[in-house]
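Take this structure first; my questions come after.
Note that the chains take the letters A, B, C, D, E and F in the order they are written out, and that residue 1 is the start of every chain.
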Amino acid sequence: MEKKEIYLESLKTATPQEGRELAIKLARKSVAAIQTDGEIRKKLRNDYAQDTAQLIASSQVIATEFQTIAMANNFWK
Amino acid sequence: MEKKEIYLESLKTATPQEGRELAIKLARKSVAAIQTDGEIRKKLRNDYAQDTAQLIASSQVIATEFQTIAMANNFWK
Amino acid sequence: MEKKEIYLESLKTATPQEGRELAIKLARKSVAAIQTDGEIRKKLRNDYAQDTAQLIASSQVIATEFQTIAMANNFWK
Amino acid sequence: MEKKEIYLESLKTATPQEGRELAIKLARKSVAAIQTDGEIRKKLRNDYAQDTAQLIASSQVIATEFQTIAMANNFWK
Amino acid sequence: MEKKEIYLESLKTATPQEGRELAIKLARKSVAAIQTDGEIRKKLRNDYAQDTAQLIASSQVIATEFQTIAMANNFWK
Amino acid sequence: MEKKEIYLESLKTATPQEGRELAIKLARKSVAAIQTDGEIRKKLRNDYAQDTAQLIASSQVIATEFQTIAMANNFWK
(Lines give C-alpha, C1' and ligand atoms only; values in the text may rest on other atoms or scores of the structure.)
Protein backbone atom coordinates (compact mmCIF):
# COMPACT_ATOMS: atom_id res chain seq x y z
CA MET A 1 0.00 0.00 0.00
CA GLU A 2 2.88 2.38 0.82
CA LYS A 3 4.69 4.05 -2.01
CA LYS A 4 8.04 2.46 -2.67
CA GLU A 5 9.67 5.88 -2.89
CA ILE A 6 12.88 6.09 -0.82
CA TYR A 7 12.54 9.28 1.18
CA LEU A 8 15.00 8.53 3.97
CA GLU A 9 18.51 7.64 2.83
CA SER A 10 20.17 8.66 6.09
CA LEU A 11 19.47 10.39 9.39
CA LYS A 12 22.70 12.35 9.00
CA THR A 13 22.42 15.99 8.06
CA ALA A 14 25.11 18.61 7.61
CA THR A 15 23.54 21.09 10.03
CA PRO A 16 20.90 21.30 12.77
CA GLN A 17 18.79 23.40 10.42
CA GLU A 18 18.77 20.58 7.88
CA GLY A 19 17.84 18.29 10.74
CA ARG A 20 14.72 20.39 11.33
CA GLU A 21 13.86 20.15 7.66
CA LEU A 22 14.28 16.39 7.71
CA ALA A 23 12.04 16.15 10.80
CA ILE A 24 9.30 18.06 8.99
CA LYS A 25 9.71 15.82 5.96
CA LEU A 26 9.42 12.64 8.04
CA ALA A 27 6.28 13.93 9.73
CA ARG A 28 4.73 14.60 6.32
CA LYS A 29 5.74 11.23 4.93
CA SER A 30 3.98 9.49 7.83
CA VAL A 31 0.74 11.23 6.94
CA ALA A 32 1.30 10.28 3.30
CA ALA A 33 1.83 6.65 4.25
CA ILE A 34 -1.65 6.53 5.79
CA GLN A 35 -3.53 8.85 3.45
CA THR A 36 -2.03 7.87 0.15
CA ASP A 37 -4.16 10.15 -2.02
CA GLY A 38 -2.18 13.32 -2.62
CA GLU A 39 -5.24 15.31 -3.65
CA ILE A 40 -7.02 14.49 -0.39
CA ARG A 41 -3.88 15.39 1.61
CA LYS A 42 -3.68 18.76 -0.13
CA LYS A 43 -7.27 19.53 0.74
CA LEU A 44 -6.87 18.31 4.33
CA ARG A 45 -3.74 20.40 4.75
CA ASN A 46 -5.61 23.60 3.97
CA ASP A 47 -7.94 22.76 6.81
CA TYR A 48 -5.50 21.85 9.53
CA ALA A 49 -3.17 24.76 8.82
CA GLN A 50 -5.96 26.95 10.20
CA ASP A 51 -6.57 24.80 13.27
CA THR A 52 -4.22 25.63 16.09
CA ALA A 53 -4.77 22.36 17.97
CA GLN A 54 -3.62 20.46 14.90
CA LEU A 55 -0.72 22.81 14.26
CA ILE A 56 0.47 22.16 17.81
CA ALA A 57 -0.01 18.40 17.44
CA SER A 58 2.03 18.51 14.23
CA SER A 59 4.75 20.42 16.07
CA GLN A 60 4.84 17.59 18.61
CA VAL A 61 5.48 15.07 15.87
CA ILE A 62 8.25 17.25 14.47
CA ALA A 63 9.80 17.58 17.96
CA THR A 64 9.87 13.79 18.36
CA GLU A 65 11.32 13.15 14.91
CA PHE A 66 13.89 15.88 15.49
CA GLN A 67 14.99 14.30 18.75
CA THR A 68 15.80 11.10 16.89
CA ILE A 69 17.64 12.98 14.16
CA ALA A 70 19.59 15.06 16.69
CA MET A 71 20.69 11.88 18.48
CA ALA A 72 21.74 10.35 15.16
CA ASN A 73 23.94 13.37 14.50
CA ASN A 74 25.40 13.26 17.98
CA PHE A 75 23.63 16.60 18.42
CA TRP A 76 25.95 18.16 15.77
CA LYS A 77 28.68 18.57 18.36
CA MET B 1 -6.95 -12.54 22.78
CA GLU B 2 -3.96 -11.34 20.69
CA LYS B 3 -3.16 -13.19 17.54
CA LYS B 4 -0.16 -15.43 17.92
CA GLU B 5 1.26 -14.15 14.63
CA ILE B 6 4.95 -13.20 14.94
CA TYR B 7 5.22 -9.80 13.31
CA LEU B 8 8.42 -8.58 14.94
CA GLU B 9 11.42 -10.85 14.50
CA SER B 10 13.99 -8.11 15.02
CA LEU B 11 14.32 -4.34 15.37
CA LYS B 12 17.27 -4.41 12.98
CA THR B 13 16.69 -3.14 9.47
CA ALA B 14 19.10 -2.78 6.58
CA THR B 15 18.31 0.88 5.95
CA PRO B 16 16.63 3.88 7.62
CA GLN B 17 13.87 3.66 5.03
CA GLU B 18 13.12 0.08 6.11
CA GLY B 19 13.13 1.41 9.67
CA ARG B 20 10.31 3.79 8.72
CA GLU B 21 8.36 0.94 7.21
CA LEU B 22 8.82 -1.16 10.34
CA ALA B 23 7.63 1.77 12.49
CA ILE B 24 4.46 2.04 10.41
CA LYS B 25 3.94 -1.71 10.69
CA LEU B 26 4.32 -1.67 14.49
CA ALA B 27 1.83 1.17 14.80
CA ARG B 28 -0.69 -0.80 12.76
CA LYS B 29 -0.12 -3.99 14.72
CA SER B 30 -0.90 -2.16 17.96
CA VAL B 31 -4.26 -1.11 16.60
CA ALA B 32 -4.84 -4.68 15.45
CA ALA B 33 -4.02 -6.01 18.91
CA ILE B 34 -6.85 -3.95 20.39
CA GLN B 35 -9.38 -4.10 17.56
CA THR B 36 -8.95 -7.67 16.46
CA ASP B 37 -11.67 -7.66 13.81
CA GLY B 38 -9.99 -6.93 10.47
CA GLU B 39 -13.24 -5.91 8.81
CA ILE B 40 -13.94 -3.29 11.46
CA ARG B 41 -10.35 -2.00 11.19
CA LYS B 42 -10.72 -1.63 7.43
CA LYS B 43 -13.88 0.39 7.84
CA LEU B 44 -12.39 2.51 10.62
CA ARG B 45 -9.31 3.19 8.53
CA ASN B 46 -11.34 4.75 5.75
CA ASP B 47 -12.69 7.19 8.32
CA TYR B 48 -9.52 8.26 10.05
CA ALA B 49 -7.54 8.66 6.83
CA GLN B 50 -9.81 11.66 6.18
CA ASP B 51 -9.42 13.11 9.65
CA THR B 52 -6.32 15.25 9.98
CA ALA B 53 -6.25 15.14 13.78
CA GLN B 54 -6.07 11.36 13.62
CA LEU B 55 -3.54 11.37 10.82
CA ILE B 56 -1.31 13.56 12.96
CA ALA B 57 -1.85 11.36 16.03
CA SER B 58 -0.88 8.33 13.95
CA SER B 59 2.25 10.15 12.82
CA GLN B 60 3.14 10.66 16.47
CA VAL B 61 2.94 6.92 17.10
CA ILE B 62 5.13 6.28 14.06
CA ALA B 63 7.66 8.87 15.30
CA THR B 64 7.89 7.14 18.69
CA GLU B 65 8.22 3.65 17.22
CA PHE B 66 10.82 4.93 14.77
CA GLN B 67 12.88 6.43 17.58
CA THR B 68 13.10 3.01 19.21
CA ILE B 69 14.01 1.36 15.92
CA ALA B 70 16.64 4.02 15.15
CA MET B 71 18.23 3.46 18.57
CA ALA B 72 18.25 -0.31 17.96
CA ASN B 73 20.13 0.25 14.71
CA ASN B 74 22.55 2.70 16.28
CA PHE B 75 20.94 5.23 13.95
CA TRP B 76 22.38 3.32 10.95
CA LYS B 77 25.71 5.04 11.53
CA MET C 1 -6.61 0.77 46.00
CA GLU C 2 -4.41 -1.02 43.42
CA LYS C 3 -4.58 -4.74 43.24
CA LYS C 4 -1.61 -6.43 44.82
CA GLU C 5 -1.26 -8.73 41.83
CA ILE C 6 2.34 -8.94 40.56
CA TYR C 7 2.09 -8.46 36.80
CA LEU C 8 5.62 -7.30 36.06
CA GLU C 9 8.36 -9.63 37.24
CA SER C 10 10.94 -8.39 34.76
CA LEU C 11 11.33 -6.18 31.71
CA LYS C 12 13.42 -8.88 30.05
CA THR C 13 11.79 -10.86 27.28
CA ALA C 14 13.19 -13.60 25.09
CA THR C 15 12.23 -11.92 21.82
CA PRO C 16 11.11 -8.54 20.43
CA GLN C 17 7.70 -10.05 19.77
CA GLU C 18 7.34 -10.90 23.46
CA GLY C 19 8.42 -7.34 24.16
CA ARG C 20 5.43 -6.10 22.14
CA GLU C 21 3.14 -8.37 24.11
CA LEU C 22 4.54 -7.09 27.39
CA ALA C 23 4.05 -3.49 26.22
CA ILE C 24 0.39 -4.20 25.48
CA LYS C 25 0.01 -5.86 28.86
CA LEU C 26 1.53 -2.90 30.70
CA ALA C 27 -0.76 -0.47 28.89
CA ARG C 28 -3.77 -2.54 29.95
CA LYS C 29 -2.61 -2.84 33.54
CA SER C 30 -2.37 0.95 33.78
CA VAL C 31 -5.99 1.28 32.79
CA ALA C 32 -6.87 -1.42 35.31
CA ALA C 33 -5.00 0.43 38.06
CA ILE C 34 -7.27 3.46 37.56
CA GLN C 35 -10.54 1.75 36.67
CA THR C 36 -10.43 -1.17 39.06
CA ASP C 37 -13.84 -2.59 38.15
CA GLY C 38 -13.27 -5.31 35.56
CA GLU C 39 -16.88 -5.28 34.41
CA ILE C 40 -16.74 -1.56 33.67
CA ARG C 41 -13.43 -1.99 31.83
CA LYS C 42 -14.94 -4.73 29.67
CA LYS C 43 -17.83 -2.50 28.71
CA LEU C 44 -15.58 0.49 28.07
CA ARG C 45 -13.29 -1.59 25.92
CA ASN C 46 -16.08 -2.48 23.53
CA ASP C 47 -16.61 1.23 23.02
CA TYR C 48 -13.06 2.39 22.46
CA ALA C 49 -12.17 -0.47 20.13
CA GLN C 50 -14.56 1.18 17.67
CA ASP C 51 -13.13 4.66 18.14
CA THR C 52 -10.10 5.28 15.98
CA ALA C 53 -8.87 8.26 17.99
CA GLN C 54 -8.71 6.06 21.06
CA LEU C 55 -7.16 3.16 19.19
CA ILE C 56 -4.41 5.50 18.05
CA ALA C 57 -3.95 6.92 21.56
CA SER C 58 -3.65 3.37 22.90
CA SER C 59 -1.03 2.64 20.25
CA GLN C 60 0.93 5.64 21.53
CA VAL C 61 0.96 4.18 25.03
CA ILE C 62 2.12 0.84 23.66
CA ALA C 63 4.89 2.58 21.67
CA THR C 64 6.17 4.32 24.81
CA GLU C 65 6.05 1.17 26.95
CA PHE C 66 7.77 -0.76 24.19
CA GLN C 67 10.59 1.78 24.00
CA THR C 68 11.31 1.19 27.68
CA ILE C 69 11.18 -2.57 27.24
CA ALA C 70 13.42 -2.43 24.17
CA MET C 71 15.99 -0.39 26.10
CA ALA C 72 15.85 -2.89 28.96
CA ASN C 73 16.63 -5.69 26.53
CA ASN C 74 19.40 -3.73 24.83
CA PHE C 75 17.14 -3.87 21.78
CA TRP C 76 17.60 -7.67 21.64
CA LYS C 77 20.94 -7.13 19.91
CA MET D 1 0.74 26.43 46.62
CA GLU D 2 2.08 22.85 46.41
CA LYS D 3 1.91 20.76 49.50
CA LYS D 4 5.24 20.40 51.21
CA GLU D 5 4.69 16.66 51.59
CA ILE D 6 7.72 14.63 50.49
CA TYR D 7 6.30 11.93 48.20
CA LEU D 8 9.43 11.06 46.24
CA GLU D 9 12.43 10.06 48.35
CA SER D 10 14.10 8.08 45.60
CA LEU D 11 13.52 6.71 42.11
CA LYS D 12 15.02 3.39 43.19
CA THR D 13 12.62 0.53 43.72
CA ALA D 14 13.28 -3.07 44.67
CA THR D 15 11.37 -4.55 41.74
CA PRO D 16 9.86 -3.56 38.38
CA GLN D 17 6.42 -4.04 39.90
CA GLU D 18 7.21 -1.44 42.56
CA GLY D 19 8.43 0.77 39.73
CA ARG D 20 4.96 0.58 38.17
CA GLU D 21 3.40 1.53 41.46
CA LEU D 22 5.73 4.49 41.83
CA ALA D 23 4.89 5.61 38.27
CA ILE D 24 1.18 5.58 39.13
CA LYS D 25 1.88 7.50 42.31
CA LEU D 26 3.86 10.18 40.49
CA ALA D 27 1.11 10.61 37.93
CA ARG D 28 -1.40 11.11 40.72
CA LYS D 29 0.80 13.54 42.61
CA SER D 30 1.07 15.71 39.49
CA VAL D 31 -2.68 16.02 39.33
CA ALA D 32 -2.73 16.80 43.05
CA ALA D 33 -0.13 19.54 42.56
CA ILE D 34 -2.45 21.34 40.17
CA GLN D 35 -5.84 20.55 41.70
CA THR D 36 -4.97 20.84 45.37
CA ASP D 37 -8.47 20.21 46.69
CA GLY D 38 -8.71 16.52 47.56
CA GLU D 39 -12.49 16.53 47.56
CA ILE D 40 -12.63 17.91 44.02
CA ARG D 41 -10.03 15.35 42.88
CA LYS D 42 -12.12 12.53 44.34
CA LYS D 43 -15.18 13.71 42.48
CA LEU D 44 -13.26 14.23 39.23
CA ARG D 45 -11.71 10.79 39.49
CA ASN D 46 -15.10 9.11 39.50
CA ASP D 47 -15.78 10.84 36.22
CA TYR D 48 -12.60 10.11 34.34
CA ALA D 49 -12.43 6.47 35.41
CA GLN D 50 -15.47 5.98 33.17
CA ASP D 51 -14.00 7.87 30.24
CA THR D 52 -11.78 5.70 28.08
CA ALA D 53 -10.02 8.61 26.38
CA GLN D 54 -8.90 9.85 29.78
CA LEU D 55 -7.98 6.40 31.00
CA ILE D 56 -5.73 6.04 27.97
CA ALA D 57 -4.23 9.52 28.49
CA SER D 58 -3.50 8.59 32.11
CA SER D 59 -1.82 5.41 30.92
CA GLN D 60 0.41 7.55 28.73
CA VAL D 61 1.52 9.58 31.74
CA ILE D 62 2.24 6.37 33.65
CA ALA D 63 4.25 5.01 30.70
CA THR D 64 6.42 8.14 30.61
CA GLU D 65 6.99 8.20 34.38
CA PHE D 66 7.79 4.50 34.31
CA GLN D 67 10.39 4.99 31.59
CA THR D 68 12.22 7.44 33.84
CA ILE D 69 11.98 5.10 36.82
CA ALA D 70 13.16 2.13 34.75
CA MET D 71 16.20 4.13 33.59
CA ALA D 72 16.95 5.11 37.19
CA ASN D 73 16.97 1.44 38.15
CA ASN D 74 19.08 0.44 35.18
CA PHE D 75 15.99 -1.48 34.09
CA TRP D 76 16.38 -3.78 37.13
CA LYS D 77 19.04 -5.73 35.28
CA MET E 1 7.83 38.83 23.90
CA GLU E 2 9.05 36.44 26.63
CA LYS E 3 9.81 37.87 30.03
CA LYS E 4 13.51 38.22 30.64
CA GLU E 5 13.13 36.67 34.08
CA ILE E 6 15.68 33.91 34.73
CA TYR E 7 13.68 30.98 36.09
CA LEU E 8 16.07 28.14 35.29
CA GLU E 9 19.58 28.54 36.68
CA SER E 10 20.33 24.82 36.67
CA LEU E 11 18.73 21.43 36.15
CA LYS E 12 20.50 20.14 39.24
CA THR E 13 18.40 19.63 42.34
CA ALA E 14 19.36 18.29 45.73
CA THR E 15 16.63 15.64 45.82
CA PRO E 16 14.16 13.86 43.53
CA GLN E 17 11.36 15.70 45.31
CA GLU E 18 12.92 19.03 44.32
CA GLY E 19 13.20 17.64 40.81
CA ARG E 20 9.40 17.17 40.78
CA GLU E 21 8.93 20.72 41.92
CA LEU E 22 11.24 22.01 39.21
CA ALA E 23 9.33 19.98 36.60
CA ILE E 24 6.07 21.58 37.70
CA LYS E 25 7.68 25.00 37.60
CA LEU E 26 9.00 24.48 34.06
CA ALA E 27 5.57 23.35 32.87
CA ARG E 28 4.04 26.51 34.29
CA LYS E 29 6.71 28.76 32.83
CA SER E 30 5.98 27.37 29.37
CA VAL E 31 2.35 28.36 29.67
CA ALA E 32 3.45 31.79 30.91
CA ALA E 33 5.75 32.20 27.92
CA ILE E 34 2.78 31.83 25.57
CA GLN E 35 0.04 33.51 27.61
CA THR E 36 1.99 36.39 29.10
CA ASP E 37 -0.95 38.02 30.89
CA GLY E 38 -0.87 36.77 34.49
CA GLU E 39 -4.47 37.74 35.14
CA ILE E 40 -5.70 35.68 32.20
CA ARG E 41 -3.55 32.72 33.32
CA LYS E 42 -5.07 32.90 36.81
CA LYS E 43 -8.57 32.81 35.39
CA LEU E 44 -7.73 30.00 32.96
CA ARG E 45 -6.15 27.97 35.73
CA ASN E 46 -9.34 27.94 37.74
CA ASP E 47 -11.03 26.40 34.73
CA TYR E 48 -8.57 23.70 33.82
CA ALA E 49 -8.05 22.54 37.42
CA GLN E 50 -11.62 21.26 37.20
CA ASP E 51 -11.14 19.55 33.87
CA THR E 52 -9.68 16.08 34.20
CA ALA E 53 -8.55 15.84 30.57
CA GLN E 54 -6.45 18.96 31.06
CA LEU E 55 -5.16 17.83 34.45
CA ILE E 56 -3.95 14.64 32.81
CA ALA E 57 -2.40 16.54 29.90
CA SER E 58 -0.58 18.77 32.40
CA SER E 59 0.69 15.67 34.18
CA GLN E 60 2.12 14.49 30.88
CA VAL E 61 4.08 17.71 30.51
CA ILE E 62 5.38 17.34 34.06
CA ALA E 63 6.40 13.73 33.36
CA THR E 64 8.40 14.80 30.31
CA GLU E 65 10.10 17.71 32.08
CA PHE E 66 10.87 15.44 35.02
CA GLN E 67 12.50 12.87 32.78
CA THR E 68 14.91 15.53 31.53
CA ILE E 69 15.63 16.72 35.08
CA ALA E 70 16.14 13.16 36.31
CA MET E 71 18.64 12.51 33.51
CA ALA E 72 20.47 15.74 34.37
CA ASN E 73 20.82 14.55 37.96
CA ASN E 74 21.90 11.06 36.93
CA PHE E 75 18.65 9.96 38.56
CA TRP E 76 20.00 11.08 41.97
CA LYS E 77 21.93 7.83 42.20
CA MET F 1 7.38 25.71 0.69
CA GLU F 2 9.38 26.29 3.92
CA LYS F 3 11.15 29.55 4.37
CA LYS F 4 14.86 29.28 3.75
CA GLU F 5 15.58 31.30 6.89
CA ILE F 6 18.23 29.67 9.10
CA TYR F 7 16.77 29.68 12.60
CA LEU F 8 18.83 26.88 14.16
CA GLU F 9 22.59 27.31 13.93
CA SER F 10 23.34 25.10 16.91
CA LEU F 11 21.67 23.26 19.78
CA LYS F 12 24.34 24.57 22.13
CA THR F 13 23.32 27.31 24.51
CA ALA F 14 25.31 29.06 27.21
CA THR F 15 22.75 28.41 29.97
CA PRO F 16 19.70 26.26 30.74
CA GLN F 17 17.57 29.39 30.56
CA GLU F 18 18.73 30.00 26.99
CA GLY F 19 17.91 26.36 26.33
CA ARG F 20 14.31 27.04 27.36
CA GLU F 21 14.18 30.01 25.03
CA LEU F 22 15.52 27.94 22.16
CA ALA F 23 12.91 25.24 22.87
CA ILE F 24 10.13 27.82 22.65
CA LYS F 25 11.61 29.17 19.43
CA LEU F 26 11.78 25.70 17.84
CA ALA F 27 8.16 25.01 18.77
CA ARG F 28 7.10 28.25 17.11
CA LYS F 29 9.16 27.62 14.00
CA SER F 30 7.42 24.26 13.53
CA VAL F 31 4.06 25.97 13.47
CA ALA F 32 5.45 28.54 11.05
CA ALA F 33 6.72 25.77 8.77
CA ILE F 34 3.18 24.44 8.38
CA GLN F 35 1.18 27.67 8.49
CA THR F 36 3.44 29.92 6.47
CA ASP F 37 1.20 32.99 6.53
CA GLY F 38 2.37 35.18 9.41
CA GLU F 39 -0.86 37.14 9.52
CA ILE F 40 -2.92 33.98 9.99
CA ARG F 41 -0.50 32.75 12.69
CA LYS F 42 -0.87 36.04 14.56
CA LYS F 43 -4.63 35.73 14.53
CA LEU F 44 -4.54 32.04 15.50
CA ARG F 45 -2.18 32.79 18.36
CA ASN F 46 -4.62 35.19 19.96
CA ASP F 47 -7.12 32.36 20.02
CA TYR F 48 -5.03 29.55 21.42
CA ALA F 49 -3.42 31.70 24.12
CA GLN F 50 -6.86 31.74 25.72
CA ASP F 51 -7.42 28.01 25.38
CA THR F 52 -5.88 26.04 28.22
CA ALA F 53 -5.91 22.72 26.36
CA GLN F 54 -3.80 24.26 23.63
CA LEU F 55 -1.53 26.04 26.08
CA ILE F 56 -0.85 22.70 27.73
CA ALA F 57 -0.28 20.99 24.37
CA SER F 58 2.18 23.74 23.45
CA SER F 59 3.98 23.18 26.76
CA GLN F 60 4.32 19.52 25.82
CA VAL F 61 6.05 20.46 22.57
CA ILE F 62 8.39 22.78 24.48
CA ALA F 63 9.17 20.01 26.98
CA THR F 64 10.13 17.63 24.18
CA GLU F 65 12.25 20.18 22.33
CA PHE F 66 13.92 21.12 25.62
CA GLN F 67 14.80 17.52 26.36
CA THR F 68 16.68 17.33 23.07
CA ILE F 69 18.45 20.62 23.74
CA ALA F 70 19.35 19.60 27.29
CA MET F 71 20.86 16.34 26.02
CA ALA F 72 22.82 18.24 23.37
CA ASN F 73 24.29 20.43 26.11
CA ASN F 74 25.04 17.45 28.36
CA PHE F 75 22.49 19.03 30.70
CA TRP F 76 24.83 22.02 31.20
CA LYS F 77 26.83 19.97 33.70
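Quick note on the criterion: contacts are C-beta pairs under 8 Å (C-beta built on N, C-alpha and C of every residue); 3 or more make two chains touch, one makes a residue touch a chain.
By chain, UniProt protein names: A, B, C, D, E, F = Hexameric tyrosine-coordinated heme protein (HTHP).
Values in this document were obtained by computation on a predicted structure and should not be read as measured data.
Engineer: Which chains sit in contact with both members of the pair subunit E and subunit F?
Structural biologist: Joint contacts: the list comes back empty.
Engineer: Same or different for subunit B and subunit C, where same means more than half of the interface numbers show up on both copies?
Structural biologist: Shared-number fraction below one half, so different.
Engineer: Could you put a whole-Å number on the gap between the CA centroids of subunit A and subunit C?
Structural biologist: That pair's centroid distance is 27 Å.
Engineer: Need the CA-centroid distance for the pair subunit C / subunit D, whole Å please.
Structural biologist: Taking the mean C-alpha position of each chain, the two centres sit 16 Å apart.
Engineer: Quick one: which residues in subunit A touch 2 or more of the other chains?
Structural biologist: Touching at least two other chains: 48, 53, 57-58, 60, 64, 67, 71.
Engineer: How are the chains arranged in terms of who touches whom: line, ring, star, complete or other?
Structural biologist: Ring.
Engineer: How does the ring run, chain by chain, when subunit B comes first and subunit C comes next?
Structural biologist: So the chains, read around the ring from subunit B toward subunit C, go B, C, D, E, F, A.
Engineer: For subunit C, which residues are in contact with subunit B within the complex?
Structural biologist: It comes out as residues 15-17, 19-21, 24, 48-50, 52-53, 55-60, 62-64, 66-67, 70-71, 75-77.
Engineer: Can you tell me which positions in subunit C touch subunit D when the two form their complex?
Structural biologist: 2, 6-12, 26-27, 29-31, 33-35, 40, 44-45, 47-48, 51, 53-54, 57-58, 60-61, 64-65, 67-68, 71-72
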